[in-house]
Every structure is written in C-alpha cells, then in structure tokens.
Amino acid sequence: MIENLLDPVILFFAMGLLAGLLKSDLRLPEAIYEVISIFLLMAIGLKGGVQLAKTNIALILLPVGVTVLLGLSIPLIAYPILRKLGKFNEADSAAIAAHYGSVSAVTFAVVQTYLERLLVAYEEYVTVLLVVLEIPAIAMGILIARMKTRKHTIDYGLLFHEVFLGKSIYLLIAGLLVGWAAGPERIEPVAPLFFDLFKAALAFFLLEMGLVAARRISDLRRVGLFLIGFGILMPIVSAVIGTLFGYLAGLSLGGSVVLATLSASASYIAAPAAMRIAVPQANPTLYLTASLGITFPFNLLFGIPLYHWMGAILYSMGG
Amino acid sequence: MIENLLDPVILFFAMGLLAGLLKSDLRLPEAIYEVISIFLLMAIGLKGGVQLAKTNIALILLPVGVTVLLGLSIPLIAYPILRKLGKFNEADSAAIAAHYGSVSAVTFAVVQTYLERLLVAYEEYVTVLLVVLEIPAIAMGILIARMKTRKHTIDYGLLFHEVFLGKSIYLLIAGLLVGWAAGPERIEPVAPLFFDLFKAALAFFLLEMGLVAARRISDLRRVGLFLIGFGILMPIVSAVIGTLFGYLAGLSLGGSVVLATLSASASYIAAPAAMRIAVPQANPTLYLTASLGITFPFNLLFGIPLYHWMGAILYSMGG
Amino acid sequence: MIENLLDPVILFFAMGLLAGLLKSDLRLPEAIYEVISIFLLMAIGLKGGVQLAKTNIALILLPVGVTVLLGLSIPLIAYPILRKLGKFNEADSAAIAAHYGSVSAVTFAVVQTYLERLLVAYEEYVTVLLVVLEIPAIAMGILIARMKTRKHTIDYGLLFHEVFLGKSIYLLIAGLLVGWAAGPERIEPVAPLFFDLFKAALAFFLLEMGLVAARRISDLRRVGLFLIGFGILMPIVSAVIGTLFGYLAGLSLGGSVVLATLSASASYIAAPAAMRIAVPQANPTLYLTASLGITFPFNLLFGIPLYHWMGAILYSMGG
Amino acid sequence: MEKKKLVTIVTESILEKKIAKDVLRLGAHGYTITEASGQGERGMRSSDWEQSRNIRVEVVCDNTIAETIIEYMAQTYYEDYAMIVFVHEVEVVRPEKF
Amino acid sequence: MEKKKLVTIVTESILEKKIAKDVLRLGAHGYTITEASGQGERGMRSSDWEQSRNIRVEVVCDNTIAETIIEYMAQTYYEDYAMIVFVHEVEVVRPEKF
Amino acid sequence: MEKKKLVTIVTESILEKKIAKDVLRLGAHGYTITEASGQGERGMRSSDWEQSRNIRVEVVCDNTIAETIIEYMAQTYYEDYAMIVFVHEVEVVRPEKF
C-alpha cells in the first residue's frame, strides 16, 4: 500500500490534488490536457494492438462476452441503489449508473503500470476489454433514462457520434488497429515516444487530474453524504463482480485485477459528454463529483492494491 | 507499396483521414498542431545542419542551382495548364501554380523516413534543397499574378515578412544554422528530443494532417473534376522533371527520389499565407483543397513509392 | 566563451532573439510556453529531490541561511542605487529591486547544464537554494514599497497565493518532494521524459525566451540608458556577493558558481506577478525590460562564463 | 447603413454544434463563436476542463429571426443547460448579407 | 423582454480573479470572460506572454448595478492598470436572472 | 458618461496585423482582438487550421472615425476576404481616451 503511494505516478497525482486543495493557480493549459489525453489513449491502443498481433483471436471471445455482460449489469445494479437508497431522481440515477458501468482509461493505465512494477503478468489483449467495456454501460444508462423519463427528443445522430466516434473510443480503436497492422517490428521507430515516455506522460497527466479532482472535491458538500459513500462502496462491489467474472472467464490473476479495476472505475470523459446530450435534465455536478472527486482518487490511491489483494485471495483459494 | 502503407507514419495518417471522413470530433488542439510543426521544421533543419557540417559546400552548388531552376519552372508549366485546360481565372491559376512549385516539409520528412526504412542512401544536404525550393515558386506565382491581374496594391513589406520570415522558412534555416554551428558532438544532449522522437512526432502530426485533409476532401465537390485530376497528374509530371534534374545534377538515386518528391509536393503553409496576401482575389478553397485534399495524401500513400520506382528505372538504365 | 556560445541551448536562444529582432511571425503558442515552463520547473525539482534523498540535511542549513541573507540584502543594495542614482520613483525602485533579488529558474537550469558540460561538480542540493532564494527578495521588495508608498490597500490573501502558491514555487517544491519521496530507483520509469529530454526542452524553451527578450529589447529606448547599465552591472555585483557568500558557506567551486548565477539572475515570472498586485503603481515596462531584455540575455551569453571565471580565481587564491 | 439585431448566446460548449445548426435552420445567414468562461446561476464554468467550457455565439440577423432564435433557445435549452441570451440593435453595411 | 445594461471591461488578465469577485460583490449575478489582446494608451498587450494578456469581462445587470460597477472600476483600477469600460443597453428574456 | 461608437469587425485572422495598423492609422486610439470561429457567406471558418481562423476586432471611437473605418473596411476587404462589420452606440467614462 505505502509502496503504491510512493510511485511517482501516484505522487504526481497527490501533488496535483494538494495544489487544487490549496487553491494554487497551477493548471495545465487545456490544449495540453487534451493532447496528453489523446496521446495516452493512442499509446494504450498501440500497445494493445501490438500485443494483439501475437494473440489467437479465438481466446478473446469468452472474455469479451463476459465484459459486455459486466458493462450491462453494473448500471442495472447501480440504478436501484441510487434511486431507492439514495433517493436520487430517475434522470440523475440513470446518469450516475451509466458512469459507473463505463470505464476510465487513465485508471486502466495506472493498473497496468502497477502490475508491471510488481511483475504480475496479465493477458496482452486487456485493452480490447477496455474498449468493449466503455460503450454498453453508456447505452444502458441512456436506455434506463429513456424508459423512466420521456421529456426530450434525443438527437440520436449526434449521440451516436459522441459515443462511438467520440475521441476516446476512436483513439483506442485507431491505436489498436495501427499497432496490430504495423506489428512489433515496424512499430519500433515510434516506440521512443509512445512506449518509453508513456509512464512519465501518465504522471504528468495525473498532476492535472489531481487539480481537476480537487475542484470536484470542493463540490462534495453539494452532493450529500450518500453519494460520497456510493463513490467508494460501488467500486468495491463492481470490483468483486469483475474479479469473479474474470476468474470464471479463465483470466490470469493479473488479467482479473485489470478487469476488476475496469469495473470499479467510473467514466469521466465519454459518459459525461453522452449524458449531457442524452439526459440533460440530470445534474452534472452529481456524476462528475462522484466519478472524478471520489471514485477516481479512491481507485488510484487505495482501490487498485485492494483489488489486487482480493484477487490474490480468490486465486489462491481457487488455484 | 503495401509495405509503405503499413508504416506507422502512414497508418496514423490513414486513421486521421478516416476520423475526418467519419466526422469524429477528434482534433488536435491548434496549439499542438502549431508546436509539432515548429518542432518538425526545427528538427529537419537541425538534422540537415549537422550533416552539412560534414559536407564540402562546393558540392552543393550545382544541386542548389538546379533546384532553383526547378522552383521557377514548375509554376511556369502549371500555370498554362490551369489557365487553358482548366479554365481557371488568372488569379486562381497563378495561386495554384505557386503552390505546386513550392514544397511540403512534411512530405519531405516522410520521404526521408521512407528511404531510411529501405536503407537507401541520399545526400546529407538535401535539407538545403528543401529550403531553396520553397521560395522561388512563391515569388514566381506572385509575379505571374501581378502581370496578369493588377487590382490590389500589395503591401510588399508584409509579403516579404510572410514569405522570408514566415515561420517555416525561418525555422528550417535556424535549425540548419544551429545544427551546423553546434556540430555532431555538441548536438548530442538535445538528440533524444530532436532525433529520437522525430518519427513518432511525425506520425502524431500526420494524424492531425489526416483530419485536415479529410475536411478538404469534403470540399472536393466544390472544386470540380479537373482540379482533382490536376492534383494527381501534376505531381507525377513534376516528379519526372525532378528525377531528371536530380540525375543530371549528379545526385544519387536516393537524392533524386528526394528531389522528385519535393517537386511533386505542394505547399500548404507558406504558399497559402503568401497567396492570401499577394493574390487575395484567388479562391483559397481551390488551392487548399488541391494541395491538402488531393496531392498531399496522394504523395504519402502512392506517390513516394512511385517516384522511387521511377528513379530506380532511370538509374538502372543510366547506371 | 566561444565554446559557451556554440552550445545548442544558447544557439536556440540566439535564434529566437534574432527571429524577434527581425520581426518574424514565429512564436510558440502560449499553451506550449506554459507547459514547457511547468515541465522545466517540475524536472528541476525532481532532479533536486532525487539528489536530496542522498544528502545529509544538516549540511544544508548553513548554505540555506546564507541564501536567505543574500535574498534579503540584494534588494537593499539595489533600491538605493535605483532611487538615488537612477532617479526612479519609490514604487519603480522597489519593484525593480525585488526582481533582482529574486531568481530565474531558467538561468539556473542553464548554469547547471553549463557546469555539467564542463564536468564541474556542484552540491546536489542547490535546487533547494533556488527555492529559498525566490521568495525573500519579493517579500523585501513589497516591504520597501509599502514603507515608501502607501496608496493601495493590498489584498494580502491574493498576494500570498500569487507568491507562495504561484506555480513556479509550487512546482519546484512539489518536484523536490516527489523526487525525494520516490528516490532514485522508483523515479527511473519517468526519467526518459524528465531527465533525458530536459536539455532539449530547455533549448526549445529558450527559442521562445529569445522571442520574448527581443520584444523587450525593442522597448529599450523607453527605459533609458541608466537601466540598461544597471541590467548589466547589477548582476555582476550580485554575482560577486554570491560567490563570496558561497565561498564562506563552504560550497564547492561549482556550488558557488551556481549561487553567483542565482544572485545575478533576475526574476521574470514570480516577481512581475507579485509586483503587479502589490505595487501596481510601478511601471511593468521598466522591470520586465530590465529583467528579460537585458539581464537574462546577458547572463546566458556572457554572465555565466564570467561568474565561473571569477569563482575560479577566488577558489584558486583561497584554495 | 441599416439596422439589424445582434443576438448573443452564452452557453455550454457541448451545445456548439447543435446551436450552430439551430441558428442557420432558423433563418440566420451566419454566426460567430468565441470561447468563454464565466459564472452564473449554474455555478462556475471555466475553460480548464473540457466538459465545462462556455461558448459565446453572436448572430446578426433581422428582427423576426432574432425573435425566433431567442424564443427557440429559451424553450429548448433554458431548463436543462447553463445559458443566457441577450439582444440589441446594430447597424450594418451590406444588409443583404444578414 | 426587458431592458438591462451590458457592461464590458477590457483589462489585464492578472486582474481576472479580483474583478470576478468585485462584480459579484457589487450585485451582479454572473459574468462572462473571454481572452483578448489589444492596444491602447498603455501600449500593446498581446497574448503571447503570460503577464501581458487582456481579458474581456461582460456583465449583464440592471442600471444601478451597472453604474456601481463602472464607478468602482474607474476608481480602483484606472490609474494603475490598463483598462477600458463601456456600457450599452440590451434586452433579455428571464430578466429575474440578472 | 459620453456616447461613442463600438465598431466590431469579424474577419480572417491573416488580416490581423493589417487591420490593427489600419484602425490606428484611421484615427482610433486602440482596439481589442479576440479569436473566433464562425460561418457566413464564405463558408465555415473554424479555428482548427491556421489559415482559417477568424478574429473579432472591437474599436471604440467617435462617430466620424467609426464611419471612416467602416467605409475603409468595406472598400478594401469586402470583395476578397470573409468579413462582416457592425456598429452600435456605447457609453464610456474617460471619453478623452478614445
């Protein structure tokens, strides 16, 4: 745990968080925030694609199926909790549920570097699961919102664009394709940027994410105690399910830690954009604060080692 | 050919093109576009300058002279084609001709990485030819436009600045000078950025160039069939001339492939800025679409291997 | 001296300066300027922090004390010179004095790369001195201005934020802490960005600093001859004091060259922001032009080798 | 010089494409967009985080189209989005452009 | 639609936080900020150097608050900072917001 | 407070330096520029590609200078460049500045 907190990636995040809480005027220019996030998504995709080139596609089918199931079920679990226990209205409940079903690519990158630091092996194709998990939950969140509320006519064309051609999905898929088509050798000349600088770019990005999270934390008062608890407990619940699904799908320990972390992570790029268009009556402060102000820091600082520990217990029992 | 298409640099371009055609909201922030283009120009210059330090200047004189000739003659060939066959008005014809005489530094960078991948040697000082070729064609385009149309009074001071102190020329020359003055050893500490990351930065930049090209492609309807054909055939004609000139100037095969590609490439930074000021009555949609929407992708995807093949034939005959 | 001028870092600065003087439209987008300066500050801090982890803290106390003294005394020397000899009004004199007491982190980075190129050793913890020297001079400048002029009520909360939580101090301290907490081994994965690319990023940044300095140089007419002389002689005076203080505090030759350069350097980020808020009646053209247009280029091009030479004489006499 | 209306809309940047389409569909012949940050009823909106920028859309058009646009914005977006709209008179040359 | 005032302030970006606080304290319910460059009495202010950008602050408010804001700006900042302020009438829907 | 005119020009960013010079030469004492994107007669102009940004230039000046500027812009640039110009009245303090 302490070891995790001393990783530069996490320390940068902590420094950003602190700067935000102290109201330092530090901030990364928006253009830089955007380009690093483009870079990270592209690099995650490339790395996954190069690995994919070495993988038998048939082996992926079961994990992919399981992951889709996961993406559909988490919102269905989260929605009644938010609606019944949390007393949120239908739109807010559906929108928050969609966020927790979907994923955070940055959290994915952090769990990868975490496992690599500890030399825990994981399946090369997990990036495919990241891509697969991002979409169904958003679709499910919109579906729930549509069934429960019926006010706006959605511009489905626009929505489709936001989700499927939104930059995060597009870049991951583009990276996968480029990595896969180019293969390990032809990718070499671009490796110094996309692979060697990856971890440092992630650290730099987390400085800014800390600042963003800090601004959200200052909104905590406005979201109520229930949502704070939800932001910590829901990821743990999702991680348990993710670990089990991973185990049943035959993933290695490392692979199921990745899947657990993906389940536990909440989206803060694709989902907010989609929800603002599809469910505009939902209050963005609620889902952004929960996802960015609570769940994101929790996963980085404490969640990932916890899910690793959970997985280790299950696999030592099972194995 | 297929091999060329699987190079990551080209794959990134294809992914950007695709994103643009699918109307994905992916885009690089403008500040990033600008800084990568500054970086590439500087790095091209630096590399050339370091090489130049090893070269006997006397050897360059003939190729430089031939290149100036090339820059003056291509617009003179292109203008009547556009005016007579294409039925464009005088201003448009002159402006487009200037673009095809001038060069694209990115295309230059791609042909360099292409030759390096195939281990084809070329003269170290070709960057000097890039610089030399950029200006005469623009001057010639302005001259033609001035002789044929006589409406505006040009602010020559401003124009001079745009062309000679515009950032692309300035950065190439500055890079050449720094590289040449510092030399191979003192340049070492900055090599990890300017040399080792060059190809990946080029790839990243081409992602954005793909997006830009795609927006231009959606303007194709507005420019007519003639210009589309011109955007493909003119580069081939120019490449033939470039190859011959290179051969006659005594360049190696690699060197004349570079010169052919330079001839074939059309400017989309220096020339548009200069034409908008010097020949404002020319329609920018025409020259930008031809240069960025047709010729640029054509050269990257098919032109370069074609010019290599042409050169190989000539040199095997001549040699 | 000539050797120093041929270092790429200095050559880039010269190219920026030249571009500015020729009024080229070259400029780095503001977002890039900001992110490189964030990067440099962070990297300087990280490097210092990693070194600090290896240092006995007790050894630092004397140099730190001496440095605080230095920061308090330089403005007290500069103020009467500006007020009496220069005939500047009280606000302007206090504001300029604060700039010359404070430091320029970029000049610090340049002296580091200078010493490393010449293989001159210096104390690992000098980054701590950089941080320590930045603040007292600004406080002293405000104090002088407050005692002499009494017009505005200062918003001390805002001022405190600008100075202590302003991004330059915060990033240096954050970098120091991260580097120190992570230590040499855990920092490895982020080294390719923060350490290997440092010098090239510095060079790139100096291109822009040259442009900025050039714009300031075009303001030279408006500041008068006295300030031009002050901008060259004051750094030399400060460097002499800095060298002596360093010698008395027991620093090595390299260490006291660093301290001399820090003394000689004038702030152009933290101090201007603080002065604009605390002493708004002072004319920014004066302090910005002196600091950026005169002292900064002087130190880079001639000052650093001069202070090295001064130190070498003192240490050869003393040693 | 002829009198036209200048309608200014300040709202969430996520609506950029929608509003651009809207104003053209409602009869305007053009629009100008600048990036903005700000604060209002719905809290601080600053440009440091993609989801929460503002845009400032200006449309020069004649009186009836101005009214249509204002009406449409109020009905479509006021309830769920951060938005203000204001309008005033301007004079233009080449009035046929607008 | 009701008449309000639109106050526009162009000044140094270093004052951003102060002026945002000021206008809210003086009674406005919101403001919109865009980045700007420009030239005036105090010389060229362009956005290529952090210390020397401009901002353009717009405030929609009623007449008396507009006057208070203009008065306050003139007294507090005119002497020491680059600043211009101008004001004109606009029409708004939902006047209770402002 | 005194009445002045505010002239707003939206045009291609490549004209920035020229127009800045123009307005000062024609008698204005300052100007403010913001970056913009937009759409009009000459198609979409968005800020994602250097050659095709817009700028939005504002000039506060008195009546006759406003007319000179508008006239000059119309004659010099309307035919070949994407541009709109509009003008309206504003009130300023310190009218001697403008």
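A, B, C, D, E and F are the chain letters, set down in written order, and residue numbers restart from 1 in every chain.
By our rule, a residue touches a chain if its C-beta (ideal position, glycine included) is under 8 Å from a C-beta of that chain, and two chains touch if they have at least 3 such contacts.
Given the structure is predicted, the values throughout are model-derived calculations rather than measurements.
Of all the chains, the one whose CA centre sits at the greatest distance from that of subunit F is A. With D-F and B-C as the two chain pairs, more C-beta contacts join B-C. Of all residue numbers seen at the subunit E-subunit F contact, under half occur in both copies; the interface is built from largely non-matching residues. Between the CA-based centres of subunit A and subunit D the separation comes to 35 Å, rounded to the whole angstrom. Here the spacing of subunit A and subunit C, counted between their Cα centres, is 41 Å. Remark: subunit A and subunit F have CA centroids separated by 46 Å (rounded to whole angstrom). Taken residue by residue, subunit D touches two or more other chains at 34-35, 88, whereas all remaining positions touch fewer.
Multi-chain contact residues of subunit C (touching two or more other chains) are listed as 28-32, 34, 192.
Every pair of chains that touch is listed here: A-B, A-C, A-D, B-C, B-F, C-E, D-E, D-F, E-F. On subunit F, the positions that touch subunit D within their shared complex are 8, 10, 34-41, 54, 56, 70, 74, 78, 84-88. Interface residues of subunit A facing subunit D in the complex, by the touch rule stated above, are 27-28, 30, 33-34, 152, 155, 158, 211-212, 215, 269, 272-273, 276-277, 280-281, 284-285, 288.
Touching subunit C in their complex are the following residues of subunit E: 12, 14, 17-18, 43, 47-51, 53, 79-81. For subunit B in complex with subunit A, the residues that touch the partner chain are 6-9, 11-12, 15, 18-19, 22-26, 28-32, 113, 117, 192, 196-197, 199-201, 203-204, 207.
Contact residues on subunit A toward subunit B in their complex (touch as defined above): 29-32, 34-35, 38-39, 42, 161-162, 165-167, 170-171, 174, 177-178, 181-183, 186-187, 189-194, 197.
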